[in-house]
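The following pair of complexes shares a single chain, chain A, combined with chain B in the former and chain C in the latter.
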Partner chain A sequence: MHSFLTRANAILAYTLSVCACLTFLCFLSTAFSHYDTDVRLRTFKTVVKNVPDYSASREKNDLGFLTFDIKTDILLIKYFNKIFIFNWNVKQLFVYLVAEYQTKMNSLNQIILWDKIIIREDNAILELKNMNTKYYFWDDGNGLRGNNNITLHLSWNVVPNAGLLPSISAKNVHSFAFPSEYTTSRL
Partner chain B sequence: MTEFIEKLKNIPMHMDYEGQARAERLSRIIVTLFGVVGFIWGYIIQQFSQTIYILGAGFVLAFIITVPPWPMYRRKPLDWQAPQFQVTESQTKTKKKK
Partner chain C sequence: MWRSSFDDVKRMNKRQFLYQVLSFGMIVSSALMIWKGLMVVTGSESPIVVVLSGSMEPAFHRGDLLFLTNHAAEPVRVGEIVVFKVEGRDIPIVHRVMKLHEKNENNNTVKFLTKGDNNSVDDRGLYAPGQLWLTEKDVVGRARGFLPYVGMVTIYMNEYPKFKCAILACLGMYVLVHRE
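Then we have the complex of A and B:
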């Protein structure tokens, strides 16, 4: 502590130690929080077509189309009688919609149909109506036509300031069926 | 130019021992206090970035208060013995032997 530089160095080092300590405490304060929530999913206009998937091969595969509604309030928390969308250890959410189904070829197919990044400044109350899928619903064969047990799951990753990266699935799922006839007309 | 350098060199940059101890204790107290307050405030408004900003403010304050050798850290100078110019020959010899 005898010179200008040693004092500056000591203060900087001590501040960084305090910073690391506070970050760890922030992680501890949220380590046991539960992030699961209810979600309401609905589907409309389910259509299945049989068209060649040129990105994989020239064979004709099943391609599904659907529109969906999502209604959920992710991560609403209450502290000091005030409702916060995110707790203080959440930087952003990565929300994605997965379709799961079984075919003769595979016992489990999982396809991501839609996703969204919700940052802190955004509204985390999702209320989406009549949405189109963001990614193609390709089957790797002909497993979609007449498949009557396709379930939609809403899941999300919580991206923290410090600590774990929880991956959470909503408890409720929505199941729907594709029609038993191919649609040949243009959508 | 040389006069200017001489003036710079004559600016008192030292702290006495008591002052160094005070500066260190003060900086620790300031940074810790701002860290604790920032943590509580950040928790109340659920914004961790505010915690970090408040800690940063504490760092700046501690830097301004305790890094430059302010006169308050120079209140108890060491009581040096006055320089002795007349050194007898016998004394220098004994010192060399040591």
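Then we have the complex of A and C:
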């Protein structure tokens, strides 16, 4: 009855069930944590151009330029009223800066202007000065010129070792306006 | 060991053999029920997918498992990880939404552009020729949960068909021969 195969089978089954159980407990231990922080955003040098978008329709679309500052105290994770930068079930944070605005053409536009992957070993305090956007700020049409309510907010997507993938937005947003004239000169 | 199990089969009478076949059928049908039930609950045509490429590293590696939902009430937003299918490619792609434009409410159309975290350019090169944006009908689901490594089994099974046959044969034999 107790052949090599049955013993190997028993050990394998037991190992797998223990692993599954521990993984589930790990997920459960962080499933109810709140992730939140204060973010300060500022923008400078906002410029809008009207140039053909060769990556898309080749029509002339609005292209915005801006530089920005980000300051977060720390990317805090609140967990049972205690504060950690990373708890044990956080593998990576994907931090991204979203511009959100309305145009005549679209009731909602969202564009990621900048992102950063922060893995466990990295410093999770962001203090960035005078940054250029990482991605082009192309509008879908001509809705950027004179647009006076473009909001920026910082969000981050928590990638766990095992578990849920929550996306959290910082509560404070920053609004800015684009100038009402196109810039034609080279930047 | 093998001989003894074959002897077991020989010693079975018709009823016992039928019972074993039926219990095998129960396992298959309950697996199917769970899968279909998950489809109903999550609203996604494929609620669990295996990550096949490294384009989302270091978040997702090859062989990680993702749990998806696709409820119509929750619109797609920027920063979400979507799983989408492109015409002419049979493998679904797992990437992040980077740009999104939503038209007015009455003809509620959303178009969006994706990019893999580990890729330096957006996905327009991966879409069907002439396709510039994804829409909701391309989406299989949005990633909600993550489990590492488990999908390696299915990757091995797909890469080595012999391995798959061996596993299926073993499981089938075990269920048919095994007696409580």
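By definition in this document, the second predicted complex is superposed on the first by the 161 of 187 C-alpha atoms of A that agree within 3 Å, B and C clash if a C-alpha of one lies under 4 Å from a C-alpha of the other, contacts with A are read in each partner's own complex, and residues count from 1 in each chain.
As a convention for this text, a residue touches a chain if its C-beta (ideal position, glycine included) is under 8 Å from a C-beta of that chain, and two chains touch if they have at least 3 such contacts.
Model, not experiment: these values are computed from the prediction.
Can A:18 be said to touch chain B (first), chain C (second), both, or neither?
first
Based on the superposed arrangement, let me know which partner A:101 touches: chain B (first), chain C (second), both, or neither?
Neither partner.
Looking at A:117 after the superposition, I want to know if it touches chain B, chain C, both of them or none. Which is it: first, second, both, neither?
second
After the superposition on A, what does A:55 contact: first (chain B), second (chain C), both or neither?
After superposing on A, A:55 lies in contact with chain C but is clear of chain B.
Mind working out whether A:8 is in touch with chain B, chain C, both or neither, as first, second, both or neither?
After superposition on chain A, A:8 lies in contact with chain B alone.
Which partner, chain B or chain C, touches the larger number of chain A residues?
C
According to the stated criteria, A:176 is in contact with first (chain B), second (chain C), both, or neither; which is it?
In the superposition, A:176 contacts neither chain B nor chain C.
Looking at the overlay, what does A:68 touch: chain B (first), chain C (second), both, or neither?
In the superposition, A:68 touches no partner, neither chain B nor chain C.
After lining up the shared chain so the two structures overlap, which partner does A:26 touch, if you call chain B first and chain C second: first, second, both or neither?
A:26 contacts chain B only, not chain C.
Please identify the positions on chain A that touch both chain B and chain C, taking each partner from its own complex.
In chain A, residues 3, 23, 161 are touched by chain B and also by chain C.
For chain B, which residues count as touching chain A in their complex?
Interface residues on the chain B side: 13-15, 20-21, 23-24, 27-28, 31-32, 35, 38-39, 42-44, 46-48, 51-52, 55-56, 58-59, 62-63, 66-69.
Touching residues of chain C toward chain A in the complex: what are they?
1, 58-60, 77-81, 96, 98-105, 111, 117, 122, 124, 132, 143-148
Which part of chain A faces chain B closely enough to touch in the complex?
Touching chain B from chain A are residues 1-4, 7-8, 10-12, 14-15, 18-19, 21-23, 25-26, 29, 77, 79-80, 84, 86-89, 161.
Write out the stretch or stretches of chain A touching chain C in their complex.
Spelled out, the residues of chain A in touch with chain C are 3, 5, 23, 55-57, 91-92, 94, 96, 98, 105-112, 115, 117, 119, 135, 138, 140, 155, 157, 159-165, 167.
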